[in-house]
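Shared chain: chain A. Partners: chain B in the first complex, chain C in the second.
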Partner chain A sequence: MPTLDVTLILAAAGCWAVAGLLPLAGPRADRGGTFLGVLGSLLGAGAALHALLAPTAPGLSFTFWGAPARIEVDALSAAFLLPLHLVAGLAILYGREYWPLSAPKGSGRSVRVFFASQVAAMTVLFVVRQGLLFLVAWEAMAVSAFFLIQTEHERPEVRRAGWIYLAATHAGTLALTAMVILLAHRTGSLLWNPVTGTGSPLDAWILLLAMVGFGFKMGLFPLHFWLPSAHASSPSHASALLSAVMLKAGVYGLLRVSGLLPTIPRGFGGGLLALGAITAVWGVGNALAQRDYKRLLAYSSVENLGIIAMGIGLGWTGRAIHNPWLVALGFGAALFHVWNHSVFKTLLFFGAGSILHATGTRDMEALGGLGRRMPRTLLLLAPAILAVAALPPFNAFLSEWILYRGLFASLDQGYPWSGGLALVALALTGGLAVVAFARFFGTVFLGNPRTDAAVHAHDPSPTMRTPMAVLAGLCLALGLASPLLLPLLGRAAGGAGLTEPGLLGRGLGHDLRLLTALEALLLTLAALALAWLRRQPAAAERPPTWDCGYAAPTARMQYTGSSFADPWAALLPGRSVRMHRLKGLFPKPHALHIEVQDAVGEGLVVPWFVRMAARAQRLRRLQPGYLSVYVLYVLIALLAAFLWPLLRARLLG
Partner chain B sequence: MPGFLVFPTHVALHLLVALLLPPLIPGLIAKTKAAMAGRQGPPVLQLYYDLARLARKEAVFSRTTTWVFLAGPIGALAAGWVASLLIPFGQTPAPVAFQGDVILFAYLFGLARFLTILAALDTGSAFEGMGAAREAAFSALAEPALFLGFAALAKATQSLSLTPMLLSHGAAGGRLTGPLILVLAGWATVYLAENARIPVDDPNTHLELTMIHEVMVLDHSGRPFALVLYGASLKLVVLGALILDLLLPPTGRPWLDWLGFLAGLGALAIAVGLVESAMARFRMTKVPQFLVAGILASAFAFLLLLV
Partner chain C sequence: MSPDLLIALVMLTNFTLVATSRINKAIQVAVAQGVLLGLMPIAMGLGRHLHILAMAVAAVAVKGWLIPFLLRRAMREVQIQREVDPFIGYTASLLLCAVGTGLSLILAHSLPLNPGAAPPFLVPAALATLFTGFLLLVSRRKALTQVVGYLVLENGIYLFGLLLVEDMPALVETGILLDLFVGVFVMGIVIHHIRAAFDSTDIRHLAELKD
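Coming up: the complex of A and B.
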């Protein structure tokens, strides 16, 4: 008899599966599809919240292809189901208008189908506890994402992004398949039950394969190469789902699989910590040089996944040296950042979608002054901008604060070097994120419009604004209510190997309450200062900006985003500048070209992939297209299958 | 709750100093510079007069700006006040102390800076954009110097709270003397850079092309400008307290501690005035080198304590 939570989760997955098919029947059924999707999200989010609060984990056992299988909704699953259904429910509402059913070339239908199938696949993914089913759900999720990325497949760069993504995700699946086989060997069954007893040499291989397979999905350096163009190519509400939840499937996998193992071999924690630090710095460094604001957001996802990986690494270190306090801080910070990143990155992608909708361009340098033309978008996006820069009092600051505490605590635990370097990397990441997002916000929303596209921009309709308002409120609420979330985070970290769920609340509760009280004080002081400013009479006439007496400034004289970030972007290894030397007393007009390429992703890994693909073309000769040849293959395979048992005894003795 | 709201009189004194004292510091600096140049100079209380005048004047807003333009001064002020609650003044503990407050302290300055940069970009002026870009570039260098100094002290005192970090370093003994000097050197560069003083930035320059901080607030007037000026002076006190806490010895008598702290603030202002009289601003290209030297000093202190 399945319990309530399991029933609700299965119902949610079912709702989403049907919600994807309804739009095919026409515009009227599309409304029903949206309704079913929202219903599914409400069911899923409700069940997840219930499971987070419940002390026991309900499960359901059954057989699948003759093998025992099990689904279980424990707190770790719930910690990922909650953001999934929050984001998916808001995104389907947003997408109704952002990507209407009547979009050209049938893309309105395909987006709805694959969006819903991806949500259904991920719902299943987060609750299955069996290797084979996990891989099936994983593939369903990955392939749905491929079709979402390929929505505008008539554009060559979109096709390229899609194929690179497909190659990357399947390379990851290959590693995961090997991991599932090894895990089955280790536990004796395909079921994912925690292994008791002592560690075995196999554990290191399982973790290594998990880091590769899930690392592809998380975008861990240097496996992040597929991510920026894939996220820039898909429709914005689908980008939000990919960035806010699909990348986290890798995080879930790492936490789940490592939670099954009895111990974590030494070195893995420090290794993942260092890898996360490199990923974070590399991601934010590339983010601040992008001109395309959706690519900027995608690189910022790389950065944030790096921060999450640092948390997991810290937790693993804690498990390796049997220090529950480090485990609690590391996993707690990672899970909290998963939530926070889901909220603010979804809001940012919705905002990016609204800008794209209003102006039709993804080039930041063509925009400017949108704040006066889209005042509501400006107001709704401001919390996300402050959150992504990890500034108080918004949510991401709190998760980074927990991570800082963990890193400082690890300095005295025999890991001074990885902890110290990660500390510096986290501080540097925060500093550079400020530059990157001051650039984004300033270039797009502030100042004067740089082109006509920006002059005629307007706020989106309430259908698109309402989901953004919900997320903007959550950015602040999660920041101010963080002391209440500590017990939930502790319980969720239990699934990842934290033995004492109450530790996080006991250890951090007092400090976090004082911290949030100070944040409330900050907001109060700001409100008082604003009230004081408002009581002063302002000049009725609004003159142009004082530009040091220059009377006729043009919008082109403003600082551009590229020049704003140039002092830091100039340090990037993948940046090339082409400029002709000016000659003579009266030089002719000249042009300056700056190109930024991800030196590792686009510069090294993608070309290597392309070379491998070219080599793999030789295998195409095996597939000539004649039926008779294929029949021959079948025959050879059959013969081999018959001969093998006969010859085995003779060959192997 | 250890350390939280312990001595009501001290808390009251702390709040009074944080609220009322800051505008005095720029006056002291200006007076020192005037004395060095043989001029009489403006009265020491000049900034108080300026603030009172600005509070009465009408504010003018450019037609380009939005509410973000006001978020700069407001954010800088609110963040400065909250930060002033976290830092001990002299040898008396801060009104609020908890493990991890040092991270909040550092990020509050980040918040203030972020909002100031956005307010500058909101005007759409080329000059203010230039100032914002410079501020973003240089402060991202000043931040690590501050942070690495905190990391070194946190490692030395086994604490992540400003009050024990800054007040109990004496207990660590002679091993800390070397790193402490390095941290002080690193923080001195932070103090000059964050407060826009010579040799990083010249608050009295007349050419917009050579400004950093001043050019970002060109468009502010009336009460918003009063908040900007007050916020800048508050920063002088808060960051000055950071340096003084490391330098001042504990006397054991609370009133002596307070007197020492106030005298120290005055001495620091006079020292800044002397530096400004003695040297010129660096060329823009030299500023990063100066700030990186600060980072290296703090980083070396951290490394010394790590091994």
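Coming up: the complex of A and C.
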């Protein structure tokens, strides 16, 4: 008899599956599809909250193709189901107007279908506890994402992004299939039950394959190459789902699979910590130099996933040296950052979508002065920008604070090199993120419009603003309510191998309460100061920005985003500057070209992938199109099957 | 008529099939083989079971009358040339068929099968017929000869099924017959459409359809 939580989760998945079919029925069913999606999200989020608060993990066992299978809603699953259904429910509301059903070439319908199928697949993915079903749900998720990325497939760069994504995700699935097989060897069945006893040499291989397979999805350096173009190509609310939840499926997989193993071999924690540090710095460094603001957000996702990977690495270090405090801090920080990133990155993508909707361009250098034209968007986006820069009192500041605590605690535990490296990298990442998002904010919202596209921008309608307002409130609320979340995080980390779920709340509760109380106090003071300032009579008339006493200022006199970030971005490999030397007292007009290419992702890995694909084309000779040849293959296989028993007896004796 | 004689005749029809150069004759031989196989259960002394008897009658009716009728009609409608037009020459096909028959004798000897009361040459004949069917499917160019290869392949499977006929429910046997009938029927339609689309029934034209 399935329990309440399991029933609700299955109902949520069912609602989303039906919501994916309804748009096919015609435009009138669209409202029903949205309703079902929101209903599914409410059911899923409710069940996830209940499962996070409940001490036991309800499950349901059944047989699938003759093999035993199981679904289970424990706290770790719930920790990922919650952001999934939050983001999905808000995104389907946002998408109603952002990508209407009447969009050209039927793309409105395909976005709805594959959005819903992806949510349904991920809902199943987060609760199944069987290798084969996990792979099926994983592929359903990955293929739905492919179609979301391909929404505007008439544009060649979108097609290219989609194919690169498809190759990357299938390469990851290959590693995951091998991992599932090894795991079945290790546990003796396809069911994912925690392994008891001592470690085995197989554990290292399982973890390595998991790091490759899930690393593709998380975008761990250098496997992040597919991520920026894929996120930039899909519709913004779909990008939000991809970035906020689908990348986290990799995080979930790493935590789940490592949680099944009795111990973590030494070295893996430090390795993942270092890899996460490199990913974070690389991601934010590239985010700094992007002109396309959706690519900037995608690189910022790479950065944040790097931070999450650092948390997991720290937790693994703790498990390897049997230190539950490090485990609690590492996994706690990682899971908290998963929630925070889901909230603020969704908000950022919604904001980016609103800007794109209003101006029609993804080029930051074409915008400017949107603050006056889109004041509500500015107000709603500000919390997310402060959160992504990890500034207090917003949520990401607190998850990174927990990670800092963990890294400092690890320094005297015998892992100084990776801990020290990660500390420096985390500090650097935070600083560069501030620059990157100050640049985004300044270039897009401040100053004067650089092109006509920005002149006529306007705020989106309430349909699009309301989901953003909910998320903006959550950015602040998750930060201020973090002491209440600690027990939940501890319980969720239990699924990843934390033995004492209460440890996080006991160890950090006091400091965190103090910190949030201080933040709340400062926030109140700031609000009071703002209210007092508002009481003063407003200045008579605000002069135009960049007036500076010039007789005829133009918008081209402003700082560009590139010039703002230049002092930091100059160190980035893969950045080429073409400029002529200026000569004479009155030089002629000159042009400056700055091109940025991800030196590892687009510079090394993608060309390698393309070469491999060209080489794989040779295999197509096996598919000549003649029926006779196919029958010949069958004959050869049949003969081999018959001859093998004969030859085996001769050869092996 | 003893089952051994029938098996020998089936083997002979195999060789005749690969060596024949006329589509008409190939169809006739395949039909003859089908009828011979339909008589097989009776020759094996299984005529006392009523359902096996009914099945044998059905097999003879389908393979001896219905299928040749469909094939002839297809030939008439699309006006196919009479030559078989092979990828592999007749002599080479004959040699390959001989190799396949020899191989199936060895295989049948060493495969872990328990023929029980069945005649000793039933399994090798079944395997040899299977290989002949495959050979025809692989080496012939016309869509209609492909159908003949498919028929022979099915005859091999049917012969194999006789090994278990007393345990095998009649449902499975009739299922095979129905499958065969539908297969030939569909292929007849497909041949017609290939002819309409490409103005020829040469299956090489189908390669243009590949991705």
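Just so it is clear, the second predicted complex is superposed on the first by the 637 of 653 C-alpha atoms of A that agree within 3 Å, B and C clash if a C-alpha of one lies under 4 Å from a C-alpha of the other, contacts with A are read in each partner's own complex, and residues count from 1 in each chain.
The rule we apply is simple: contacts are C-beta pairs under 8 Å (C-beta built on N, C-alpha and C of every residue); 3 or more make two chains touch, one makes a residue touch a chain.
Here the structure is a predicted model, which is why all the values come from computation and not from measurement.
In the superposition on chain A, A:461 contacts neither chain B nor chain C. Applying the stated contact rule after C-alpha superposition, one finds that A:102 touches neither chain B nor chain C. Looking at the superposed arrangement, the partner reaching more residues of chain A, out of chain B and chain C, is B. Look at A:555: by the touch rule set out above, it reaches chain B but stays clear of chain C.
When both complexes are overlaid on chain A, the residue A:61 reaches neither chain B nor chain C. In the superposition on chain A, A:499 makes contact with neither chain B nor chain C. Looking at the shared chain after the overlay, A:430 reaches chain B, while chain C stays out of its contact range.
Put simply, chain C touches chain A in their complex at residues 87, 106-107, 110-112, 127, 130-131, 134-135, 137-141, 146, 203-204, 206-211. In the complex of the two chains, the chain A residues touching chain C come out as 623-629, 631-632, 634-635, 638, 642-643, 645-646, 649.
For chain A in complex with chain B, the residues that touch the partner chain are 368-369, 371-372, 375, 378-379, 382, 386, 389-392, 397, 401, 404-405, 408, 411-412, 416-417, 420, 423-424, 427-428, 430-432, 434-435, 438, 441-443, 445-448, 510-511, 514-515, 518, 521-523, 525-526, 529-530, 532-533, 536-539, 542-548, 553, 555, 557-559, 563-568. For chain B in complex with chain A, the residues that touch the partner chain are 1, 4, 55, 58-68, 70, 73-75, 77-79, 81-82, 85-86, 96, 98-101, 103-104, 106-108, 110-111, 113-114, 117-118, 121-130, 132-134, 136-137, 139-140, 143-144, 147-148, 151, 154-155, 158, 160, 208, 218-219, 222-224, 227, 299, 302, 306-307.
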